[in-house]
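A, B, C and D label the chains in the order they appear, each numbered from 1.
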Amino acid sequence: MPALTDLLFYGFAGLALLFGFLCVANPLSRNPVTSAMFLVLTICSLAGLFVLLNAFFLAAVQVLVYAGAVMVLFLFVIMLLDLKEEERRKLNKVALGAGTVAVAVIAGILIRAVTSAKPAADKLVEGTTKPLGRILFTEYLLPFEILSLLLLVAMVGVILLSKKELK
Amino acid sequence: MDVHAAHNAVTAAAPAFSSRPEDIAWFILLLPLLAAAGITLIVRRSNFLAATFSIAATVTAFVLSFVLFLMFGVGDAAAVTSPFAWLHAGELAVNLGVTVDKLSTLMLLVVTGVSALVQVYSVGYMHGDRSFPRFFIGLSLFTFSMLGIVLADNFVMMFLFWELVGVSSWLLIGFWYEKESAADAAKKAFLTNRLGDFGFLLGIIIIWAAAGTVNFAELSQKLGAHPDLLGSLASVAGLLVFMGAMGKSAQFPLHVWLPDAMEGPTPVSALIHAATMVAAGVYMLCRVFFLYQVETAWPAALAFFGSISALDIIGGIGAFTALLAALMAIQQNDIKRILAYSTLSQLGYMVMAVGCGGPDAAMYHLTTHAGFKALLFLGAGSVIHACHHEQDIWKMGGLRKLMPKTFLTFALGTAALAGLPPLSGFYSKDAVLLAALDNGHPVLFGLGVLIAAMTTFYMLRLVLVAFLGSGRSEAAGHAHESPGAMTWPLVILAVPSVMLAWVPLGDYLTHHFFTDHGHVHGHGSEVISFGATISAAFGLVNHILFEPFNHAPLPAFLGTGALIIGAWIAVTLYWNAERDPLPKLLGSFARGMRNRFYFDEIYEAIFIPLHDLVARLADWFDRWVVGGLAVRGAHGSTELLGRALRIVQSGNLQTYTFFFVAGVALVVLIALK
Amino acid sequence: MTNGDYYQLLKLLAPEWTVVGTVLAILFADLQFWRNRSVAWRSAGAASILSLGFAAAAGLLIWKRAVTADLLGGTLVLSPTSQYVKLALLGLAIVTAWLCTEGEFTKHVGEFVALIALATAGMMFLVSTENLLMVFVALELVSLSLYVMTAFNKRSPRSAEAALKYFLFGGMAAAFTLFGFSFLYGLTGSIHLPTIAAKISWHAGDPLTLVAIVLVVAGFGFKIAAVPFHLWAPDAYEGAPAPAAAFIASGSKVASFFVLGKLLSVGLPGVGGSGAWKAFSPGWLAVVAILATASMIFGNLAALAQSSLRRLLAYSAIAHAGYALLAIIGGSQPALLYYAITYAVTSVGIFGVVAVVENRTGNEDIAGLAGLRERSFLLSVALSVFVLSLAGVPPLAGFFGKFYAFAAAAKLGSSLGYWWLVALALGASCVSLFYYLQVLKQVWVAPVPEGQGKVAGGWVVSILLALLALAVLVTGAAPELLIRFLK
Amino acid sequence: MSLTPGLHHFLVVSALLFSLGLLGVLARRNLLVIYMGLELMLNAANLALVAFSRFNANLNGQVMVFFIITVAAAEVAVGLALIVALYRKRQSAHVEDLTSLKL
């Protein structure tokens, strides 16, 4: 592999992890808007990693749907609820410690597990629109259709839940 | 009339119903269910029709049972079963079927007979109760369930009816559910039985997994061919199955429910807690006795049991229960509770007999006991009815003259229970003692004799205090004899109490269990045909009366000795404790003995500490194990549980997610090991 | 793929499409014609449409019950068993829909009933696939519908809180499941269960395999409420509107158990390991055995401490998840399905009684049932049948389900290795009788509270409850009636 | 592990990202940020799937990611609507205020 892609991997991976950390545990700000913006950056970095993995279509979808639509929704709700900075309540140190330990154990288990994985084949597949579209509308036609039901549920649900109950 | 002639005559009479005996058995089983359904659906409003339905069904069942008894019990027809597929799911195949053989036909007679009499009696006893039809629904349902146990030809079916008996007895004990104590007692009975059933079901599942069948006949055959079929679990499986019997037959430490269950109406006590339900455990042990005839084998973890067999443990538990309950009975003042503890004690006796390798003796005692204990309970009910629901014997007295029929039959029942020759109890008790002695259990034999003495003592005490002397309360003074619906069953029950053992019942049972073994004991060593018995009945009386003393003198003489000693003590202590009309006559006698205090002192020195110890042990178990865990758990343990639960189920989402994550981590770590 | 295949897809899934059509019909009728009607009228109307539509779907299922198909890379796998499970799901959905007529928890009852139907469609897809992607999508369809249904009572703040907890907990479980799916895919290069099965045994000892198993089981552990993934259940059961809780406890359970059983037995047969006594080895059998143990102990103990009827049911559901896991361990699909279906029927019945009683008395505690015997004989008898069935008293279905499941586990492996689990299960069900009797004590013994009159549900609900009680009795007394369809 | 990025590198990034998301879910108090943590976990799963897809040389993983993104979008809509509905009732998006259901 050329050195450039190696560097790009470390760049995107480092950025994704850094932004991810800043999203969930920003030491400087507890503002949800900050978290949301860092989540957008994480998602974009992940899109970069997708490109490195030849998943071009998904990289585009990631930026369009996730960073675009989903995060806009988040920001919209933050604004709607007019959330100020997360209240600085007294932290339960025991709970926080236990949580961190649990997460560390999970991280350890996952890393140990994934480093035992072996690549099965080194043939390259291109995740472009055409092959993905082909497989989507043949083999995975049924789940694709079911997505429409899922969206219907979401639509009905969102309208009813966010509407004010009129007396 | 020889065997075949009798058989032919019966089969000739049978076609009215069906030519196949197993169909008759099915019909017997379904009759009470039909009655219950009929009452529920059709005549729920009519007291008269409800009772008629129920009694008619049970009496018909009794008559049919008698037909079967003549065919299979007396005529030597081979056992039949008629299975139909209930379920075939992969390896788990269960057929529902009835077993008709000597054992089940005899038990059918006992169950339907007592049930019919109790129902007739209930017409008088429950007269005026506003839930009269509901009571008969309960009785019919109970009879149905009980017949199911008797006829079941496999473990699963037996367990099914086993639990149904639990449910229907729960309904009957809690019949007066407005009474808090009755409702609690019903719950306690149900829960304690479930504790035993837990072991029973586990045993069934183990047996099924190891042997691949739950059918009694197949199991018996397989175990006969491969005695090591159950491997190292043989004894454990046997004990687990025995746990079921411990629950139903109220063996220590699961005996706690039986005395409390006396809160139910007295006919229920007579039916359930004397003759049938509590006998189910013993019957089941006899039915699956083949399970205990395999080589003793313990898994590694229980190897310390060594050569102690499952039967040894069963025998020990039975003897301990018998002793414990006899000690308790001595202390009771409630007429029903005395009888309840007496029942416990006698059940312990039967279980002890099974443990000594004498299922025939156990069944023999079960049969005779069913008769006289039902009689005693119904007699007690008659007394309670007459004394306006007074149950304290010290508030009775002098009932002998006011209720002559009740007194006479009650006295006969007492004599039979005490084992007075030639009444039925004597022979069955003798068989139990003989089984202990013959099979090398001298300690159990000794205990048996001791318990026999105690039995006589407390029963005589009851009779002396309640029936003799003069009335110690208003109610007792104005008691009057109960109506005919109540006294006739007493009279009828008195007949088997006296004469049951005059037919060669012991041989009949021995023949059933030990045909191949030549292991015959009891009076007479060959099967005597029914016809011959009838024709020579009077000639035999002499023979029967003295046979036990000739055949095996030690148990017979010791048993009779125990009777005399027990009676002597009772009379000495209680005759004088009365202000009865005969103080002058007997006063001098008692003074002449001058050792009433001597007995009191012995009593205080030996029996009270022993009694206290046992009572404390039982109470501890009742309070902490049964009560704490199951029945009364609502208070202390629930509080603790709630506090522990609050930590986990705090309502905080992040606590939840933390436990989720920690759970995943833990499962991975445990499973990786 | 040719056009003929599309047609085949349409034909094979006719019952599902009928269900979807029912959804649209309900939404349309409610929006177009019933806006000005009373809520009671609309709920009955919506439930009627749903019943008709589902009856048609059921008819199609019965008509084509002998179908077998395996299409499109395993996204659609039909077998007679899956068709019968779908029938059960349809039945449960109909009862749930009629429960909406008991009590007014929302004005938008048409949408609520439509969501029931959508969730049912999701469950039907869930039971007819052997493809991880399809499992995921169908599972999300079910979950999303249930989240929304849980939040539907907008007058009660508890409804929204319960839904949010359910939702976030479920989201996390879904993330774990997906991570697990990705590992399975990474190990085998496939998301098709039989293909996974063929390849995964090469990786039997890998830590990746084990972690994948745990992550996947954790996700399904959430759906079936097995300890330690159960914590949402009591809150959701308590806060949700009664029909939503009923559906979470019934239909969702059946579908989840079915698919979990399939996933483990069809997808991962080579990596079971063992949970036998003193012969523990890593694999899903070990994982499931741990979950079952924890569920039976925790569920039963926690239930002892409850005074709220719904929370009691939730903890009892947790314990029952533990029992049913024994059927999965035993590898017996009929045992699992018998257990899950009869349990679902019982639960939906109990929630039906709860809905009626709560609606009339407003009391959600066990004490609210006080003296029910004199206030409604039908409800008392039905409730007793359901509760005794849960307690495993023969001849009700609950007993046989337990017996079958436990026997399957006992038979597994050599020399009764799972005896410890069976003994524990029996012991746990023995303890459980205590709290079930608490409920019955209120019904049959406790006095009727002052000023409380009769309690009666609508006639359709009453008939349905009676039928459910009868079903519990009949399938328990003659289990072959049900089991012959599940083999 | 060599420095040239291979399957392991991507998977380690994915595992770390998953843990970060989990940390957010466990440690933050704001419901919206907790939900962002969940999104991070889903993205980690996506990364793992795409990486496996690349190194297993078939597109199944990528199709799955496509579906996950769609489902996640629908889920976000519902989740945020739930948070809004709850906020209307409680005037709070703070997880510790959501404890009326317990035990």
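In the analysis below, contacts are C-beta pairs under 8 Å (C-beta built on N, C-alpha and C of every residue); 3 or more make two chains touch, one makes a residue touch a chain.
What you see is a predicted model; the values in this text were computed from it and never measured.
Counting C-beta pairs in contact across A-C and across A-D gives the higher total for A-D. With centres set at the average Cα position, the gap from chain A to chain C is 31 Å. Inter-chain centre distance (chain A to chain D, centres taken as mean C-alpha positions): 6 Å. Mean C-alpha positions place chain C and chain D at a centre distance of 26 Å. Here the CA centre of chain A is 70 Å from the CA centre of chain B. The set of chain D residues that touch two or more partner chains comprises 11, 18, 21-22, 25-26, 29, 34-35, 48, 51-53, 55-58, 60, 63, 67, 71, 74-75, 78, 82-83, 85, 96, 98, 100-103. Residue positions 642, 645, 649, 651, 653-655, 657-658, 661-662, 664, 668 of chain B each touch two or more of the other chains. For chain A, the set of residues that touch two or more other chains comprises 99, 102-103, 106, 109-110, 113-114, 117, 120-121, 140, 143, 147, 150, 153-154, 157, 161. The touch graph of these protein chains is complete, with an edge between every pair of chains.
By the touch criterion stated above, chain A contacts chain D in their complex at residues 1, 5-6, 9-10, 13, 16-17, 20-21, 23-25, 30, 32, 35-36, 39, 42-43, 46, 49-50, 52-55, 57-58, 61-62, 65-66, 69-70, 73-74, 77-78, 80-81, 83, 86-87, 89, 96, 99-100, 102-104, 106-107, 110-111, 113-115, 117-125, 127, 131-132, 135-136, 140, 143-144, 147, 150-151, 153-154, 157-158, 161-162, 164. Looking at the complex, you find that chain A touches chain C at residues 109-110, 112-114, 116-117, 120-121, 138-143, 146-147, 149-150, 152-154, 156-157, 160-161, 165.
Only residues 85-92, 156, 159-160, 163-164, 166-167, 174, 177-178, 180, 183, 187, 190-191, 194-195, 197-198, 201-202, 205-206, 208-210, 231, 233, 629-631, 633-634, 637-638, 641-642, 645, 648-649, 651, 653, 655-657, 659-660, 662-664, 666-668, 670-673 of chain B touch chain C when the two sit together in their complex. Interface of chain C with chain D (complex): residues 132-133, 136-137, 140, 144, 147-148, 151, 154, 157-158, 160-165, 167-168, 171-172, 174-175, 178-179, 181-183, 185-186, 189-191, 234-235, 238-239, 305-306, 311.
Within the complex, the chain D residues that touch chain C are 11, 18, 21, 25, 31, 34-35, 38, 41-42, 44-45, 48-49, 51-53, 55-58, 60-61, 63-64, 67-68, 71, 74-75, 78-79, 82-83, 85-86, 89-90, 98, 100-103.
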